[in-house]
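One chain, subunit A, links the two complexes that follow: it is found with subunit B in the first and with subunit C in the second.
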Partner chain A sequence: MPKPTAIAQAFWDQKSALWSQGIYTFKEALGGYALGCSLGIFVALLFAAWRPLSSAFMPYAVAANAIPIIAFAPIMNNWFGLLNPFSKMAIAAVLCFFPVMINTLRGLTSVHPSSIELMQSYAAGRVSLFRRVRIPNALPHMFTGLKVATVLSMIGAIVGEYFGGPTEALGVKILNDSSYGNFTDAWAGIVMASLLGIVFYAVVALAERLTTSWHPSARAFHTE
Partner chain B sequence: MSAIAVEPSNRGIAGALPRAAARALLLVVGLAVLWGVWEGYRWLGIREHWTWPFKVNDTNMPHISKIWHAFGQPLQPDGPPLRHYLWHYAIFTGKEALAGFVLGAAIGFFLAVALSQSNMLRRGFLPYIVVSQTVPILAIAPMVVVGLGTKGVSPWVSVAVIAAYLTFFPVAINTLRGLLSPDPEALELMRSYAAGRWKILWRLRVPASLPYVFSALKISATASVIGAIIGETPASLQGGLGYAIVNFNQYYSIQPANLWATIIVCALLGIVFFLAVVALEHIVLKRAPENVA
Partner chain C sequence: MSAVSIKGVSKQFEAGVTALQGIDLDVEPGEFVSLIGPSGCGKSTLLRIIGDLTKPTAGTVQVNGKPADRARRDHEYGIVFQDAVLYDWRTVSKNISLPLELLHWNRSRRNARIKDMLELVELTGFESHHPWQLSGGMQQRVSIARALSFSPSLLLMDEPFGALDEMTRERLNAELLRIWQETGSTVVFVTHSISEAVFLSTRVVVMSVRPGQIAGLVDVDLEQPRTNATRESPRFFELVTQVREQLAAAGARLGETQEPALVEDQV
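Presenting the complex of A and B:
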């Protein structure tokens, strides 16, 4: 384990190379994040709108959630090509999909019955029930999934690169450095990965603060 | 009211067998659909020469029957079949994951107990615990194994440490939430009986936290398997599923079925861990108020 000062020095010396490698990997993570999260939200809406579909598929979703999905990273590399960024996006997308889908669905379906009755007494249709009750109620749950997914997408991209990727990728750099014994440089790469991950997480957390500050759960969090 | 409360347990006795049968049927149907989709996509893709999003051919999508067949094929001429190796790899990785899981769950639990006892401790430590998880730990996994290896720590232990690191966080956070979940009235009642800190912890907080603990353990069960597999990927550690993935990945273009078979075993190991926790939950929480009624 190298000294923190040595890691900081290495980080500073290689900052421009680390930055471009970090951005390359971050783009893969972001692409997979966008793909996986939008798919997860879409499927959750579909399941919430049509319950039989949900009860038929949820056992499989739970089983899929118990699978170490990251083990599929080498398959994605073989399918889409080692050097194709889409191979990393694909594994990041699959990793993001489940937490977002499951959390959003929980939010869409955990609506208080009296809210639904109230809406029905106003003769509200399915669409306005979704728009005014279910989706607003789902937002905090959805953001729980979206925040978990930020970390998962970075992990998916980097671990995908461990199984092979272009040299301009951060994961490949970290792996090469550590296999040659340059632990200081490898740790500098990890610092970069962590910084990007933290910024990514913080941006999503900020979006959450902006869109759900009205929700009772946000209040409860502050008074706890 | 009582009719509603009794209903689940009635169904539990009379309906247990049909429900198990329905579940088994659902599983079989699901697997059949998966098989059909796979072979159908493969057939269409090869016939229509699909290259997007990926090229469909024998290497990228081997026949399911071929993957099944691969389990029985020997790796070397006259050697034992693949399933023999994969079984031993799975045991090896499973042991690492189990050691890490137990260690991480214990650390997470006791950390949560400590944090539940002091507001100040919680204010001081909780942010660091949360930040510790934004580090993409899986990304560090191979480095930790190699790094600890130079210190003379056996790779087996390093991999367990990674699995433990992935396990401790959900357990710590959820346990803490559970320990703090009892109603203020319940706490007041305990205090009115002059119950001390320990009594309140043992009699009230810990039982109240158990459902939370188990929902965390279910997440951690998979996480520990993932940690063990990824931790093994640096080639220094032979004999586990992570090593098998790296190894068979190199020969993917000639024998794709071997990698697929390995990944199926990884998936099964994850599911076995998950189901073991679910079974434990059923046993421990059998007497919880929401299940007795």
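Presenting the complex of A and C:
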């Protein structure tokens, strides 16, 4: 492995190229993230609202989740085109879908029975129950999925690029540098990918803090 | 017109367990009626049937002259559970506001009522706290404020102080009596505690177990307002003894039936 100082030097020398490559790949990751997460949340809402649907499809969902999704990367590239960013987004989206769907569904359905009885006592409808009880209850769980998905979306985009992509992509750069033995440069690319992944995670974690400040995990931050 | 009118109510669970059998009970407006009995006597189930949260297998329930389901949809009652059932993501004010939002009260009307309710349960100053920042007793006061916020004429309470320590329980008993007198509502109160039932109620309904039936009624003629001195009066002890003896008699009958012990009285 190259010396950290050498990696830092390479990173500094190529910072503008790395930045534009990083952003290219990050956009793919973000697109896939948005797609996969919104689909995950939507399906979770659907399953929670209509239990027969959940019992009918959940076994398939779990089975599908056991498939190593990365194995689909070459196929996605083939379907949507190597140079089309959507091929990488599709891989990232599929990777993000499951953790978000499973966690959100758990949050939506793990409501204390007396919470539901209370809403029944007010003759509240299903929409009210979702809006005022199930969805707020699901938020902490959903964010667990959303945070895991940030990392997965970066993995999806970069691994997708390993199977082919435009030269302006970070994954292609890392692959090319490695195959030509420029490991220092490859490491600089990995550092860029990691930095973007960390920032992405931190932004979602911040959003979590802001929206679920009432949750036990955030209670230590209350100074009352 | 009775506040609650129960006629021939029975409840059989799917497992074949008879939770309640042939319950007849009328509660007059302004009464404070306690249901007391051993675990499994169906007192919580009876309360849920009054609130239309579970359906009886036989018999009818009317609340303020309406069938129970109609009464529920018309918001005729407020309910307090053993757990406060407050939503962590809502502040104290917002928790009290929940039923008002569902009734589409506008903001200024809601805020005025929340303020009154906080005063009623003596929690002024805690409006922006979250439930988990409050003690168990305070949480239960928020729950009572929420149940009364929309001025229902009937208050259903399912062992609301069962999880609290004795001192907090006695203080909240006194507070509940004050609230009951200030609001003039009717209360149906489920409890395990004989002294709590006697101290609070105008009438105690003693229930027996397996099947859950009404074993006896005790009219509580203690003077209002009741205070700590009430708890020390000879009449209080006489009434406690009376309830205890009825419970014991009901229990003795249970012993004769030789049925296996089973089930909680929860749904």
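Some observations on this one:
The rule is short, and it goes like this: the second predicted complex is superposed on the first by the 216 of 224 C-alpha atoms of A that agree within 3 Å, B and C clash if a C-alpha of one lies under 4 Å from a C-alpha of the other, contacts with A are read in each partner's own complex, and residues count from 1 in each chain.
Heads up, the rule we're going with is that a contact is a pair of C-beta atoms (placed from the backbone, for glycine too) under 8 Å apart; a residue touches a chain by one contact, two chains touch by 3 or more.
Given the structure is predicted, the values throughout are model-derived calculations rather than measurements.
In the superposition on chain A, A:Tyr122 contacts subunit C only, with no contact to subunit B.
Look at A:His112: by the touch rule set out above, it reaches subunit C but stays clear of subunit B. In the superposition on chain A, A:His215 makes contact with subunit C only, while subunit B stays out of contact range.
Which of subunit B and subunit C touches more residues of subunit A: that partner is B. Residue contacts after overlaying the shared chain place A:Val133 against subunit C, while subunit B stays out of touching range. Residues 112, 114-115, 117-118, 120-124, 128, 132-133, 136-137, 139, 212, 214-216, 219, 222, 224 of subunit A touch subunit C in their complex.
Remark: subunit C residues 48, 51, 53, 72-73, 75, 77-79, 81, 83, 85, 87-90, 98-99, 101-102, 129-130, 132-133 touch subunit A in the complex. By the touch criterion stated above, subunit B contacts subunit A in their complex at residues 23, 26-27, 30, 53-54, 59-60, 131, 133-140, 142-143, 146-147, 221-222, 225-226, 229-230, 233-234, 241, 245-246, 249, 252, 256, 259-260, 262-263, 266-267, 269-271, 273-275.
By the touch criterion stated above, subunit A contacts subunit B in their complex at residues 1, 56, 59-60, 63, 65-68, 70-72, 74-75, 77-80, 86, 90, 151, 154-155, 158-159, 162-163, 171, 174-175, 178-179, 183, 186-187, 190, 193-194, 197-198, 201.
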